[in-house]
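Below you'll find a set of structures to go through.
Consider the two complexes below, in which subunit A is the common component and subunit B and subunit C are the respective partners.
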Partner chain A sequence: MARAILATPTVESLRSNNARSRRIVDKIATAALWGAASTIVLMLILFVVYLFVQGYSAISWHFLTGYPSAANAGGGVGPEIFNSFYILFLTLCFTLPIAVLAGVFIQEYAGPGRFRDMVEFSAESLATVPSIVMGLFGLIVFVQLFHWHFTALGGALTLTLLNLPAMMRVTQQALASVPQTYREASMGLGATKWQTVLRAILPSAIGPLTTGVVLVSGRIFGETAALIFTAGASVSYGASAYDFNPFHTAETLAVHLYSTHREALVPDADQIANGSALVLLVMVLVFNVVARVLGRQLTVRLTGKA
Partner chain B sequence: MVGVRANKAHRDERVALGFLMSSSAIFVLAIVLILAFLAYNGTLLFWQDHVSPLTFLFGTDWDGFGGQFGAAPFIIGSLVATGFAILVGGPLGVAIGLFFSELAPKRVAETFKPAIEVLVGIPSIVYGWLGLTLLVPFIARTFHAEGDGLLAAGIVLSIMILPTVISLSEDALRVVPNSLREGSAALGATRWETMSRVLVPAAASGLAVAVILGVARAIGETLAVQLVLGNAAVVPKSLLAPAAALTSEIVMDMGDAPEHSAFRHALFSMALLLLLIAMGLITLIHLALRRRTT
Partner chain C sequence: MMVETPETRSPSLRSKMKIDDLNVYYGAFHAIKRANLDVPDRRVMALIGPSGCGKSTFIRALNRMHDLTPGARVTGTVTLDGNDIYAQGVDPVTVRHRIGMVFQRPNPFPKSIFENVVYGPKIHGEHNGKRLQEICEKSLHAAALWDEVKDRLNRSALDLSGGQQQRLCIARVLAVEPEVILMDEPASALDPIATSKIEDLIGELKKDYTVVIVTHSMQQAARISDFTTFFLLGDLIEVGTTSDIFTRPTDKRTEDYITGRYG
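Coming up: the complex of A and B.
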């Protein structure tokens, strides 16, 4: 009898039992979320350590500056590293003015309307075009239609199309970070809209803008699929490793990692691939650090904000 | 004097607006040109080489030089690898987004966030190389199989879409008004109950957008997938069997397919299909966002 009474759950005991299990579920869920987030960081550490361990023995001055070899061991990636920077430079020459101006237009000038909607929708659509599809578009236009063959310029123009939306978004975000009062003060002093943009808004936005631009540059540096059939998978063997002719074929480091794995005849292909992967990773880290440091410095220098 | 200066400023304003608008117009022009060129080149296979679109979409025999253009193995490969990535990377990404918006102390967020940015920056070819040299041997040992195939591709893609899904779901969760969190807590809900029953439903459309953009990233991913798929142009029998995807097959064959050949046209058709999928996903996103505003 007594047992039966004990076993009968009261409202009180139910609630506390329930509360306890709910608390336990909460604890488990919290732990799981912490675990999931930590996995990301651990994964990154694993990747970095692995790539360093695998690639570090391949790195030498000769590897970083020398010519790739067709059939013998000991080839370098000098022209490829140069081409990566060169194509990045060309891409930025096209992307930056267009994307920054368009970003200024959308963020500062355009009222809601059909033109603005069209531009924003186009930017979103461009942003989802897969990079291999953009590469084939580049192939159709620059290689087949213009008969340029594989060129640094064709590659850079393809990457421009691929990265315009990201650059525009970066510009918009940087402009949005400038307080509204700056605009009001400048216009209140009698400045025109364009004077306000040029002398008040852009200088104040330069910090976050730089950070964003450098981060996107890091992505341009490592782009592969869009370049294989536009800039090509071989380097031009000129007098020096540095071929500035934009109409020459220009294999970048990322494409080299791919082509080495796919078709290289050299006996040390794995070694070269490991070295290239490490250089690419280091460049990503460098771009990230530079983005942060440069952005902060410029903000301090041009706005006086810490 | 003042009049002259004001005139000049006025003229500058006009010139500037001209530049601003033409730069913006380039975006519209670019996407129109891309759609037009791919629509033309991507359909040559059907009206010039007389391959039926049905054969292309549902045929399973692929032999570029032999005139067999059934792209079904690649379509299936793309869909399965992407599906896998979304099933794993989607929930994981949303969970980590929840962590950053609801749980992470400021200091922890500040150390974890740069890690995610670096993950975004790692080139896809490096992910492929990591997959090939780290993951494939691991799978081979664990399952006593070849190692490359849809499982490897799915895992690599799950990792690659994570940053996208994480940051977008965090943004979506952050815009949920605090009054909902407070109200839920006041009703006695635990933090997890608030997250799972209040915040996730409230942010549902934003989370859907995060996952859809993850799909877009995964289906268009090329080299990371190509390196670990094994590249066999057959309908995959299992997750462990070598397979191919739309993107990986384009990269594999494009260098060999001669200009103006049906072979090359078939690859353009595959690119057109990828483009149409991407446009479809953009439309889906707009539908999801419209539901939020009404």
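Coming up: the complex of A and C.
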């Protein structure tokens, strides 16, 4: 060893123990990173498997389409599934236009200044309001002040307030990801600002925008606290399980899951709750996949990228 | 300092654009100092000078692209056929319709080749499908790209090579039928073969269009331009026919640059 150091000191210093310990640290770090990433996948698998084992025996055609029962065993969740989608649809109808336009304004139009600060401050404040507080606000305004009682519309408007800031933020980030050169190219061809936004910027941002809509939709789908006091915890018993009247009470699947656990009189409450949880999960997953495929197809159509 | 002298006015041809006392500021930084220049009609005018001399800043002032840069301010007059494009009430959108621009890096939209070319005509109100196809074919022909892409007009423009993308961007500008085409180092991101195609194309374009081109390559300026303007540190030093500038520059600084004494 000593001879080697004398002979070739520089090469030997490159091969020092230091290098070996650093290699070990590097390996440990790689393993830790890999482990952390795998934990996330593992947790999802465990979670899905658990819900499947617990809930699959509750699933039947009758369960998926039938009315819930007040006191007897064998109630379904048909109207709840419909209401979940219906309220999601209504909420997106209000949220998307407002949030996207506000996001475009902040990102593309507003220079730094007081009005932009005010919009951003408002959005951040709204974003920090807990959903249960938003639910109570909805209760006071839509249910009591407007005398609507528990309605799908009141629930959707409450969810709109809840999700506007997130959707606006998503829009801003999606627009920020569009290269400046597209704006220059479009303006350089004599396009107005609005034409540039509409024809060059928004189509180029469709990928991140779709992802954003999916994430926000997932939140809307699973939201419970904001809906209990606004859309209500019961379904309307009309001619069909699919009640399109926005002024009728509309319990969603997530709220149903909560209320069966909390206050149900039916003997099979646990099973219904497990079944509801499974349906909720599957719907969110399916929704996710469909939205992603749709987003990709939109991207292909708008950008010509195969 | 830049008083109107014979050297800063290009010779005798009809002027398409006249730039008088042009100043550009970025905040407190004075990027272009009282520049005067005549741009002759249907000729190629090259703008040369070392990095940071203001040639890109100057060319972007010629179709009001600085309007898009926060903090940029332009004074002086720039006329197109005698009309000041900075005058009150002039719509920068109309200006950019008549004075097109090709940028340093090819910047096609993430759309199909066809959609890229007809982007301009569409925003200017042309929606007739047959007419758009004609415009597309004509523009791609003029940009010497038609033969390479005619079978795949619906494919993404992003699948093209860099040189093809840049010719597509030129076709996109030609499709709005501008009178002047500004090019900001259009070949700097391209390989030699793609560069020579762009240069050939510029030679064709000057038959119908007035071309102003920024280039960092003196050889390129010598090959393609009829007139050359030399910038240094925000000052327009000298303008003349390209052969004069490269063989008999009147200003010592121009000569130093031409002979390689600046970066």
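Simple rule for what comes next: the second predicted complex is superposed on the first by the 263 of 306 C-alpha atoms of A that agree within 3 Å, B and C clash if a C-alpha of one lies under 4 Å from a C-alpha of the other, contacts with A are read in each partner's own complex, and residues count from 1 in each chain.
Following the convention adopted for this analysis, a contact is a pair of C-beta atoms (placed from the backbone, for glycine too) under 8 Å apart; a residue touches a chain by one contact, two chains touch by 3 or more.
These figures come from a predicted structure and were not determined experimentally.
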Using the touch definition from the top, say if A:Ala123 reaches subunit B (first), subunit C (second), both or neither. first
For A:Val141 in the superposed arrangement: first (subunit B), second (subunit C), both or neither? first
Under the stated touch criterion, which partner chain does A:Gln195 make contact with: subunit B (first), subunit C (second), both, or neither? both
First (subunit B), second (subunit C), both or neither: which does A:Arg219 touch? first
One more residue to check, A:Pro203. First (subunit B), second (subunit C), both or neither? second
Which partner, subunit B or subunit C, touches more subunit A residues: B
Of the two partner chains, subunit B (first) and subunit C (second), which one does A:Arg183 touch, if any: first, second, both, or neither? second
Could you tell me which stretches of subunit A are touched by subunit B in one complex and by subunit C in the other? 192, 195
Report the residues of subunit C in contact with subunit A in the complex, numbered from low to high. 63, 65, 68, 70, 93-94, 96-98, 100-101, 103, 105, 107-113, 115, 119-120, 122-124, 154-159, 169, 172-173, 176
Of all residues in subunit A, which touch subunit C in the complex? 111, 179, 181-192, 195, 199-200, 203-204, 302-306
Touching subunit A in the complex, subunit B uses residues 9-10, 12-13, 16-17, 19-21, 23-28, 30-34, 37-38, 41, 92, 95-96, 98-100, 103-104, 111-112, 114-126, 128-130, 132-134, 159, 162, 166, 190-193, 195-196, 213, 216, 219-223, 227, 247, 250-251, 254-255, 259, 267-268, 271, 274-275, 278-279, 281-282, 285
Contacting residues of subunit A [partner subunit B, same complex]: 22-23, 25-26, 29-30, 32-34, 36-37, 40-41, 43-44, 47, 50-51, 54, 97-99, 101-102, 104-106, 109-110, 115, 118-119, 121-126, 128-134, 136-137, 139-141, 144, 161, 164-165, 168, 192-195, 197, 215, 218-219, 221-225, 228-229, 233, 254-255, 257-258, 261, 273-274, 277, 280-281, 284-285, 287-288, 292
